[in-house]
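I've put the structures underneath this note.
The same chain A turns up in both complexes below, where it pairs with chain B and then with chain C.
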Partner chain A sequence: MTQLLPFKLGEEIYALDVTDVQEVVEGPMIYPLPGAAAQIRGAIGFHGRILPVVDLPLLLGFAGGQRAERLLVLIEAHGPMVLAVDQLQPIIAVDLVQCTLIQSSSEEDCIRGVLNWRETMISLLNLEQLQHRVADLCSRSGG
Partner chain B sequence: MRVEISYKFVVGFIVVVASVVLLNLLVPQLQIPAGLHQLVTIGGALLVGLIFGWIFSKAFTANFGILNEGAERLSDGDLSRKVRLRKGVFSDETEDLANSLNLVVDSLRNLVGQIRGSSVNVNESSLALAATAEEMTATSHEVAGSIEQISRGAETQAEMVERASRVIKEMAVEIELIATAANKLAASAEETTSTARQGEQMSGTALEKMKQVLSRVEENGAQIVAFSDQVQKIGTIIDVITGIAQKTNLLALNATIEAARAGEYGHGFAVVAEEVSKLADSTSESAGEITRLIETTREQSQRVQQSMAESIRAIDAGREAIDITGSSFNAIVDKAETAQRKAVSISELAGKQSHGTQSIVAAIEEIARVAEDNAASTEEVSAATEEQSASMEEMTFASQRLSKLADELLTSVSRFKLGVSGETGPA
Partner chain C sequence: MDIEKYRTMYLHEAAEHLQKMTELLVAVEADPEESAGLAALFREAHSIKGMAATMGYEATARLAHHLEDGLALCRDRGCIDSEMIDHLLAGVDLLEGLLEDIRAQRPEREVESFVAHGAAPAPPVEVSSDELELVAAEAAEGNPASGLQLRLRLAETVAAPGPRWLVLLQRIGLLGEILQLQPSEEEILQGSSSRQLLVRLQTALSQDEIREQLKSYRELVAIDFPIELPAKGNKKVVPRNTVRVSTDLLDHFINLTGELITNRYQLQSAAAEKNWGDLDEGLGQLARLVKNLHHQVLQVRMMPLESVTNRLPRAVRDLCRSSGKQVSFEVEGGAIELDRAILEELADPLTHMIRNAIDHGIESCGKVQVKAWREQDQVLIQVTDNGRGIDPDMVRQRALQRNLISPAQAETIREYDLLQLICQPGFSTAQQVTTTSGRGVGMDVVKTAVERLGGVLLIDSAAGEGTRITMKLPLSMAIIRVLLIDCDQILMALPITRVLQTLEITQEEIQTSGKQLVISHQGELLPLLSLRRILKRTKGPARNPLPLVITELLGRRVGLVVDRLVGQREVFVQTLPAPFDRLRGNSGGTILGDGQIVFVLDLQSLLEKRRG
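Take a look at the complex of A and B:
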C-alpha cells in the first residue's frame, strides 16, 4: 500500500508519494525573489533554511487560479524546494500494483503515470523531471 | 172820486137840461131878434149836448178801446203788457174791468212762466234721464259682458281649484312620505351616532393596543440586537475553533507524512494521526455548519430588524390613521347628531305641513263651493242685468217720449209772450 497526497492543479488532480514530502506548511510569509522567473513565486523560511517556492500550475501550464494556503515542502532528495498547488486533498492509500499505471512516453513529460482511483483520474507527478525543469529555469534566469 | 157811469149819464143829462134852461134865460138878454131866440137856444142846447156827448163818448170809447185791446192781446197770448187806462178825475167800472184783466194777466203770466220753466226743466231732466239711461244701458251691457267673463272665469276657477286640490292631495301624500323618510333618517342617524361612538371607543382601544404593540416591538428589536451581538460573539469563537481544527488537520497531515516515512514503525502513529485528522475534519465541518447557521441567523435577524423597523413605521402610520379615525368618528358623531336633529325637525315640519295641506284641502273645497255659488250667482246676475238692460231701454224710450211731451208743452206755452219782466206784481 502506498500513501498518496493528491492535490489539484487547475481542474486536474495530481498526486505525490507521501514519502517524497518533508512537511506541509500553512500560510508562511513568501518573500519574492527579484529577477527570478515567474514560475518561482519566491522563497520561504523553513526551519532556518531558505527554500524556493515553485508555482506548480504556472510551471505545468495550467490556468492561474487561487493558490492554496498550504505549501508542500519536498524532501532533501528533491531539492529541497516548496511546491505551491491549487488545492490540497486528504491523503489516500492505494495499491499501485492493482491500479492502472500508464507509463509515460515522453521524457519531457512531468507525469510518471496515471491511476484511476474511485472514478477519478489522478496523475502521478514525476519529481525528477520537475527538478530538471526547475534547474533549467534557475540556470536560464541566472539563479 | 168814483162816479158810476149811470150817474155820469144822469149828470150829463142834468147839465144839458140846465144849459137849455140857462140858455133860455140868457138868450133874451142878448141883442138879438126875438125870433131868433128860440133858434139860438135850440142851437146852443144842441151845441152843449153835442159837446157833452162827444166828451162822454170820447171818454167811454177810449177806455173801452183800451180794454178791448187788452182783451185782444190776452186772447193772442201777449201777457207782456198790462191794461193801463188814462187817468181820469172820475173813475168808473172800466177801471174795475181793467184791474180784473190785469189780475187775469198776472195769474196767467205766473202760470205760463211756471209751466215754461217746468217744461224746460222736464225737458232737460228727461234728456239727462235719457242720456243716463243710455249710459246705464251701455253700463249694463258692459256689466253683462263682465259677468260673462266672470262666468267663464268661474268655470276656469273651478277647473283650477280641482287641479289645485289634486296637486295638494298628491303633495300631502308626498309630505307623508317625506315625514316617514325623515323618521327613518332620524333613526338611522341615531344608529350612526351610536355606531360612531362605538367606533370612537374602539379606535381609542386600538390606539392603546397599538402603543402596547409598539413598545413590545421596540423591546423585541432591542432583544434581537442583543441576540445578534451574542451570535456575533459565537461567530468569533467559531472562527477560533475553525483555526484550531485547521491547525489540527495540518498537524495530523504532517504526522501522517512522518508516519509514512517511518514505514512499518509508524503504522500505529499513522492510525492515530488519521483519527485526529478525522476529528479535525468533523470539527471543521461542524464549525462550518455553525458558521453557516450563524450567517443564516444573522441574515434572518437583519431581515427581522428590517421588518421590525417597517413594522414600527407601519405602527406609527397606523397610530396616525387611528388618530384620524378617532377624530373622524367624532366628526361623524357630530354630523349624525346634527342630521338627527334636522331629521326630527323635518319630521315635525312635515307633520305641520300635513296639517296645513289638510287645511288647504278644506279651504280649496270651500273655494270650490264658493266658486259654484258664484257661478250660480253670476247666472242670476246675468239674467238680472238682461232684465235691467231691457228696463233701461224702456226707460230711455219713456224719457224720450217725456222729452217730446215737454217740447210740445213748451211749444204750446210759447204762444204766450211774457215780456222782459215776468215777475211784476198786479198793478
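Take a look at the complex of A and C:
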C-alpha cells in the first residue's frame, strides 16, 4: 500500500507520495526573494536553513484561486524545496498496482499518472518533472 | 584503497615541490650568483624523483633524474644561463603534465624525447576507446568490489539532458553510493549534452530492483548494466577538496570543545537551580566561546595571498622572455590572509592584470608591483605598473565607436568614469591584440570576478605615469558585513564592500537631467535609482529627507534610494539550495537572530536582467 497526501489545485485533486514529504507547515512568514519570478513565492526559514517556496498552483497554471497557504517541505532528495498548495486532504492508502494508472504522455503537466479512487480522479504529481520545470524557471530568470 | 590515500598524498606533495622548483628557477635566473638556490633546486628535484620511484611512476622519476643531472652540471660549472632555465622550466611543466596524468589515472605521458633531445613531446595521442576499455577491464579485475555498472540512455525528445541527468542523479544517489560518473557531474553542470550516462554504483540492490526503481522515468529509453566502463581521461572519483590544518589549530578546537562541554554543564545546573546569576554568567561564557570558535573556524579557511602570487614571477618571466621587455616584479603583503574561496577566484584575474600591465603598460623596461594590505575587514590588492598609462582620449574614442557612451556623454564624462569603461565587455584599446592579452579584453572578466566576490574594482591611471588597479575585497565570503536596508517593509542587505557611502538628501537637492533624476555629490552628478522600482515594488510615500546609498553599478557611481537605512551587521550568508542558487538578484540569504530572513542583494545582476 502506498500512502498518498492529496490536495486541491483549482478544481482538481493532486497527490504526492507521503514519503516525498518531510513536513507540512502552515503560516510561516514567507520572505520574498529579490528578482525571482512570481512562481517562486519567496523563502521560509526551516530548522535554520533558508528554503525557497514554489507556488504550485501558479507554476502549473491554475491562476486565480486564493493564495495557497499550506506548505509541503519536500525531502532532501527533491531539492530541498517547499511547495505551496491549496486545501490539504486526509492521507489515503492506495494499492498502486490495483489502480489503473493512466499514463500521461505530455511532460507539460508534471503528472506521473492519474488514478481513480472512489470515483475521484487523483493526479499523481511527478516531482522529477516538477523539479525540472523549476530548474528551467530559475535559469531563465537567472544565468 | 590504501594506495589511493598514498596517491592523493603524492599528488599533493609533488605539486608543492614543483611549485617550489618554478619559484626557485625564476629566482636563480634573477640572481645567478646565489648558489644556495641551485642546491635547493637540486633537493626539490631529488625529492620528486624519490617519491615517484617509490610510487612506481617511472616516467616521472626518469624525468626528475634528468633534471637533477642538468642541475648538477650547472652546479659544477658554477653558472646557469637562460637557455638552461628555459629547459628546466619546460621540464617542470612536463612534470606537471605527468602529475595530471597520474591524477586522471592515465598512463604517464612519454618523456624520452625530452630527456634525449630536450624537446617537449607532442601532446598525448588519444588512445582508441577499445584500448582503454581493455585497460579499464584490467583495472577492475584487480578490484572486484568496484560496484555495479549502470548505463542509462535518455530519449532523443528530452530537450535539455543536463538538468534531467541532475534530477536522475539525485534519485540514483538514494539507491546507493555513486562511485563514478561519466560524464562527470561537473561536465553535466557545464552543459554536457550527452544522452548516455555511465554510473558506477555501490549498492545493495539487485539489477532488477534498480530497474524497478527507475522505471517511472519514462524519458529513460534504456537501462542496462554493461560489463565494464569505457574509461576516458575523466575516469576519476568525484574530487574531494581537502585542506591542510595545522595541529596547533586542531588543538585549539579540542580545547574549545572541552570548554563548551564544561559550559553546557554549568548552564544546565544553573537552569535546574534557577540560579539566574550563574545562568547569566554561563551565557556570557558561551558567547565568548562561540565567538572564539567562529574565529578559529574561519582561520581554517584562510590562506595567504602568497599561495596565488607565488605563481606570478614565472608568468612575468615567460612574458618578458617572449616580449623582450625587462620588467622587475615584486609582491608586497603576500602574507595577508584571505578566505580560500576568494583566493581561488582571484588567481586568474591577478594573472590577467599582470599580463595587461606588461603587454600594454610597460614599454621596454619597467616595474610591476602587487601590493596587498588590510583595512578593517577588507583586503586591498593593488597592481601597479610604471608604464605608459591609459590614454583617456583613446578610451573616449573607443567608447564612442563601440556606442558605450553618447557623444554628449563623451564631452562631460569625468576621467575617473572614463577609465572604468575599459571594464565594459568587448572594450579593447590595444591597436594589436597580442596572444597573451588585448588591453581591455578580460578586464570585464576581472571586474565581474571581483564583484561576484562582493568587492569593488578601481582604476587609476595618468598618461605617462602608469596604471594602478585596486581590488577591494571582503576577508571571507561566508561571513560578511552588510548594510541592512528597508524597502517596502522588507529588510534587505547590501555587502558593505559595495557601499561607498550612505547619506540623506532633501527633495530640494534633487535635480533633473533629461528624464533622469540626479543629485550633485562631491562635484559629480549621480543618477538616482529607486530600489523599489528595481524590485518592481509599488511606489512608496514621498519622503523628505530621502535615505541614499552611494554604490557603483555597471561601472558608474549611482545613488540608490531606499526607504530606510537600518544599520550594519555581521551575517552568515547561506547560498540557496540548487537550482535556486542560479536565480539572479541575490547572492544568498541570512537568518537574523529573531528568525527574519534577509537576502543579500546583487543589484548588478538585477539591473543586467532588466536590461537584457
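We adopt the following convention: the second predicted complex is superposed on the first by the 137 of 143 C-alpha atoms of A that agree within 3 Å, B and C clash if a C-alpha of one lies under 4 Å from a C-alpha of the other, contacts with A are read in each partner's own complex, and residues count from 1 in each chain.
Please note the rule applied: contacts are C-beta pairs under 8 Å (C-beta built on N, C-alpha and C of every residue); 3 or more make two chains touch, one makes a residue touch a chain.
None of these values were measured; they are calculated from a predicted model.
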*Given the superposition on chain A, are chain B and chain C in a clash or a fit?*
fit
_A:31 in the overlay: touching chain B, chain C, both, or neither? Say first, second, both or neither._
second
*In the superposed model, does chain B or chain C contact more residues of chain A?*
C
*What is the contact status of A:67 with respect to chain B (first) and chain C (second): first, second, both, or neither?*
neither
_Going by the contact rule set out at the top, does A:80 touch chain B (first), chain C (second), both, or neither?_
second
*In the superposed arrangement, which partner chain does A:48 touch: chain B (first), chain C (second), both, or neither?*
second
*Angle at chain A between chain B and chain C: what is it in degrees to the nearest 10, using CA centres?*
130
*Overlay on shared chain A, then closest C-alpha pair between chain B and chain C (Å)*: 14
*Enumerate the contact residues on chain A facing chain B in the complex.*
3, 5, 18-19, 21-24, 26, 70, 88, 90-91
*Using the touch definition up top, name the residues of chain C that touch chain A in the complex.*
160, 163-164, 166-168, 170-171, 173-174, 216-219, 490, 492, 535, 574, 576-580, 582-586, 589-591, 595-599, 601-602, 605-606, 609
_Of all residues in chain B, those that touch chain A in their complex_ = 246-247, 250, 253-254, 256-257, 260-261, 270, 277, 281
*Given the complex with chain C, which residues does chain A contribute to the contact?*
29, 31-36, 40, 43-45, 48-52, 77-81, 103, 107, 112, 126, 128, 131-132, 134-136, 138-139, 141-143
